[in-house]
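These notes open a run of structures that come right after.
After this come two complexes, each holding chain A, first together with chain B and then together with chain C.
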Partner chain A sequence: MYDMKALYQAQSVSDAVALRQTHPEAHIIAGGSDVLVQMREGKRAGVELISIYGLDELRGVSLEEDGTIRIGSLTSFSHITRDPIIQQYINVLGEAVDQVGGPQIRNIGTIGGNTCNGVTSADSASTLHAYDAIVELTGPDGVRRQPISEFYIRAGKVDIREGELQTAILIPKESYADTFGHYIKYAMRNAMDIATLGTSVNVRLSADKKTVERVRVAFGVAGPVPLRAKTAEALAAGKPVSMELTEAFSQAVKEDINPRDSWRAAKDFRLHIAVESARRAFIESVKLAGGEL
Partner chain B sequence: MEKHVMQYQTVHFNLNGRAVERTVDVRASLTDMLRNDFRITSVKKGCEVGECGACNVLIDGEAFNSCIYLAVWAEGKRIRTLEGLLGPNGELSDIQQAFVDEAAIQCGFCTPGFILTAVEILESGREYTDAELRKLLSGHLCRCTGYENILRAVKKTMYRRLGKTVD
Partner chain C sequence: MSKSVGKSVTRVDAYEKAAGRAKYMDDLCDRSALVAKICHSTIAHGYVKSIDVTAAEAVPGVVRVLTCFDVPQIPFPTAGHPWSTDPHHQDVADRLLLNRHIRYYGDEVAVVIAEDEVSAAQGIRALRVEYEELPFVLDVQKAMEDGAPQLHGKYPHNILAHTDIRRGDYEAARKEPGLIKVEGWYDTPTVQHCHIENHGCFAYEEAGRVVVVTSTQIPHIIRRVVGQALGIPWGKVRIVKPYIGGGFGNKQDALYEPLCAWCSTQVGGRLVKLECSREETFVSNRVRHAIRTHIISYVRPDGTLVARKFEAFSNQGAYASHGHGIVAKGMGAFPQLYPCDNLECDSWTVFTNRPSAGAMRGYGIPQAMFAGESHIDDICKAIGMTPLAFRRKNLMPVGYVDGFSKNELYTDTFNQCMEKGMAAIDYCRKFEEYQNQTGPVRKGIGLAVFWYNTAVWPISLESSSCRMVLNQDGSLQFQTGETEIGQGCDTAYSQMVADAVGVPLSDVHVVSTQDTDVTPFGTGAYASRQTYIGGFSIMQTAVALRERILNIAHEQTRMPVGNLDLVDGQIVHKSDGRVLKSLGDLATESLYSLEHSQHITAETTAQIKSNAYSFGCSFAEVEVDIPMCKVKLLNIINVHDCGTLINPALAEAQVHGGMSMAIGYGLSEELKFDEKTGKPLNNNLLDYKLSTFMDHPALQAAFVENPEPTSPYGTKALGEPPACSPAPAIRNAILQATGVAIDCCPITPHVLYRQFKEAGLIKD
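Entry: the complex of A and B
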């Protein structure tokens, strides 16, 4: 038995919003692979829960008219990885979430839960930052859209306001069009482990594949929240594809990141693997985009 | 502080091909309900935090750790456990027999969970490489066998079902 005070099961998004207003102290539970474990550990013991797990309307990936990729917040990691839209346009996201936990966790874990936890190590987070994802929140006053970089406030804290729940993650076409990306999870084990560092890179090359038009790089566990390394991005934009550029780009990521010492890894080590991961992910992304290095 | 009120809910679902319903405490996990209300004891209580895979069941064809799945979420779902794999006279299914043949079992605690993940793998109808199979089986801990025999049991059954020769 879980130590919960009460369970409210939302029947629709509007019902969930109403429940959020009636029970402001209640915690939202989506797939529960974090909430229930924390409840077992005693961290959330005795709380009220609003379950949104039954809201099938929040499941699935679709392409909106303007080309925006819409990922329902309750879409599980395994469904994201297998989705044809994700595979065609933003395969790196499917690869990143395929490294969460183990197979059963990827069947229950949701992208909404992964982002609403506000943890820097979430495997989806760095790629979503690297694609300037938009978080859709539905509340009493309707729908609010917010860039993911503003959604993360601090470690464990995201901008979900009273009465709101996250209903989708959106990737604008401008952000993903003609890009190719690669994610590297550095962890001690290949399964059931949390990232020591997560690195997501994506590039857009010129038509002749000789020039980097745009590059994005974002990290998890390189700071209290996931973050982009914009100095490195600016340095590489518009430059010819070369190994010299690769080196300069990967060294420049140190300008914007601020990893910490923790029992998982020392700060110096995280800085080292950030540079190395950025280098490898950049090379892989360029190759996927048809460039030569 | 307000007094805690017991909260019950009736859940309707399909368990191993049979329509069932139970009124359960909303605080119960699916493991609790399957073991206590249905005596489905192949579902093991291992870590109870979704790490070991001993409580794994198939829900609408996908593997889930039932310890971190609320019992009330079973509403309308199709749930399969090891008990559902047996033939009408208690015959073992091919994958169960393969675990026996390959000595992929010692204490047996992890076995039902592993076999249900194997069923999900086999029902995809796809052929996987060893590396892919290892990844697909990585959500289960076994402290006895060292995993190699388990991998071999799944692999041989996969080839048999695909009509390919087994080396």
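Entry: the complex of A and C
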């Protein structure tokens, strides 16, 4: 039994936008695996809900004409993992979201919910940051697109404005083409856990596989919101693939991350794991890209 | 005769449970029930100054708000021990239904009774509680210091109890020249049982009595405690125990049955349901005692134990519950497992402002084995002896008799179990292979044994009662006071009954539900006692029932009783095995006889004045990823000598469950508290890291079957023993892999990071 004031079921995206305007206090609910838990805890007791779960137009992965990968916000984690477009171009995202909770959560949980929560530990978030994803929001004035790094404002707060809802996550072709990535979820157990640290790396190697053309690395739980370690990225760009580079790259991630001390994990421990994870994810990405280490 | 005992027959409740038809507390509760929710304190220590209930009472749907200012001032004990008629042996009565004196963060201060869950929750949120805060203490040794916050008036320095064991002359013996001193402090955590069904109950009044249907392991004990708490005669209380979704000792305590019963009496006897959330279960039910153990051993270079000191500090938390019994049991194992002539052992049970600790699978032995078996490997490292050789030399020898319990080790159980485990896991080869490794990822293999004894005699009463009632068709119902809590005792008992009476298993119907109005007296599921203890009353009652049946067979057939037998549901002529009539025909005739109608039943009580050792061991193989501070459990096996197996498949399942629990204990589980507020930090299944099957390798269980001579079925404890030795085996495997001796569990990545850094294995 949930302490819910009202539930409005949206019939279409435009209907959802209209409901958002009519009921500005209402919370959006998709799969419900976060919202319902919070209601049960009393945190959102007595709220009005707008359910967008029935909007099939927001489900699925597609390739746009310019090569952009479009992931509808209601696409479930298990769908993403099994989607052929994801598997072909950005498999690391499918692997990352396959580590969310357990099978039931992955069937009900959506990538839109995962990002709109604004939590740093979201398993999709670091990979989306590492691929410079674009968040698509639809509101009364139409569609607004925003880089994911700007979408996250602070812990638990994302940039969704009055009347808006998130409708898709977009990955530009320039971002994913010829890249190979690896995600390491560091958690206290192998299932049903949140990340103590999430590390997502992807690399683009030169044609001869000897040089790192571009590398990107993003972390979850290394700060209040997911973040990139750009010093390490800049350090490795254009350098020959080597173990020395791997070490330098992984040590450099410490320049940009700022994990905190909490009862869940100490700062020095998280920093240590961040360096080790960056090292391992870099090596794995280089190998996936055909490089040798 | 088809023998049932010893076969892996299908659980008698398998279909009902798999099909979702088995009825648990909530399935049985009428939908008209009022819902009670508890308001828990948000301070760790202090007093409730006032509670403003105005807003809560105004919430639509709220029926009644009751606070700590309303409850009867009758302190009552909660521990699920048999009652003692000797006041000196009674459990500590330190509980009230709701408390003005708050002793832990989560203490019960008020209850809201409402038409539904949502209104009850709204009512709770609308309560305004004003507290007077006092300093609090969470650490067991800090609680013993001068000037520490006092939790209970009668216990200076918060010491609930202290006991000791002295043997020989420790001080003199340790002066022997050439001895090697090995010393360690070992810490075990506060953990929770995490049974799948949270505790809950419902209560109503009927004909001047209060009825409570509850998820408990101990219905007859709950009846007594509800009577005591409400100040009413025990006969005015009726407790019904349906199927329950696990207990592991948490439900071997009066949890919210007294409060729920009282709530019903405060709303005119209406049906009131009180169910714990998982968050409440973690904090406001019971937990396992966190125990800090200090061990010093003086050892000769050849591995002879000369003098040993043992000190244990048991964190009781806020209320006495099972109290000192837990650490006392652990300490009791110390002189027995590795006999030594010169000993000084002391243990203290100390109140702190943590959740109350009670019974939990193993009852002090998992803590004692983590400390004791870790320490043995520390000795081995110090003197350069292998863990196997040291144990072979020093473990309790065959023929050992404990003076107090009169338990005897009849067979070479330890060596037999270790041999079996070693062969299965390829111990010797791996032990050699994993010596002196280098590199970031290393493997190790560890061994730990455990001591356990079955049942509670001679510390407490051991008795069991059984009733058997024959039906017209020759099938029968039987009942005992011992409870099915998921472990499978209904099935094991059915097998025992079938063989002892002489009927096919299909003709045996267990009455699974205990109802204190009709179920024979028995104290319930704890101390791994039920298969052992229940066996006595089942055998004795079966003998009595057979005697009645054969007397009636004599009446009906004119054959002398001495020449009659009941085999497989048939009355047979002993001399030639000829079937005279079926038991069904006999029963039908007996019931409907116009000359001598008889209903055929038997009911007896068996008091048991024995107890049995139940020993075994664990082997664990690990891979330690040093830079990642992670332990991967590659292989684990438990070997048990629990006597003759009644049902091998159920025995194996029991071992798997205990191993899973112990893996979490060793590697991941710990209830944490905020040092600044005393607030529990991770009282949910996300943040409390119960291990999942993704964290386990295939769990292996093996058995050595030495029939227990004191049991009519040759059986002894298996419920708790599986949880006793895996954690130190894992710890010892990590020690072999890395050379780092971790002296606390759970051995989490956080712990490994600090220890590896200290050992120079990690450099940042």
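To be clear about the criterion, the second predicted complex is superposed on the first by the 293 of 293 C-alpha atoms of A that agree within 3 Å, B and C clash if a C-alpha of one lies under 4 Å from a C-alpha of the other, contacts with A are read in each partner's own complex, and residues count from 1 in each chain.
Operating definition for what follows: a contact is a pair of C-beta atoms (placed from the backbone, for glycine too) under 8 Å apart; a residue touches a chain by one contact, two chains touch by 3 or more.
Please read all numbers here as calculations on a predicted model, not as lab measurements.
Of the two partner chains placed around the shared chain by superposition, chain B is the only one that A:G32 touches, whereas chain C remains out of contact.
Once the two complexes are laid over each other on the shared chain, residue contacts for A:A6 go to chain B alone; chain C is not touched. When both complexes are overlaid on chain A, the residue A:L293 reaches neither chain B nor chain C. Of the two partner chains placed around the shared chain by superposition, neither chain B nor chain C is touched by A:M243. With both structures placed on the common chain, the touch criterion links A:V143 to neither chain B nor chain C. Residue contacts after overlaying the shared chain place A:A177 against neither chain B nor chain C.
Touch criterion met: A:N190 reaches chain B and chain C at once.
Of the two partner chains placed around the shared chain by superposition, chain C is the only one that A:D268 touches, whereas chain B remains out of contact. Touched by chain B in one complex and by chain C in the other are residues 1-3, 190-192 of chain A. In the complex of the two chains, the chain C residues touching chain A come out as 116-118, 121-122, 125, 627-629, 668, 672, 674, 681-682, 685-687, 689, 691-692, 694-695, 748-750, 753, 762, 764. Chain A meets chain B in the complex at residues 1-7, 9, 29, 32-33, 36-37, 40-41, 51, 53-54, 78, 101-105, 107-108, 190-192.
Interface of chain A with chain C (complex): residues 1-3, 42, 45-46, 186, 188-194, 196, 263-266, 268-269, 271-273, 275-276.
Within the complex formed with chain A, the residues of chain B that make contact are 4-5, 7, 25-29, 32, 48-51, 53, 56, 62-65, 68-70, 72-73, 75, 117, 135-140.
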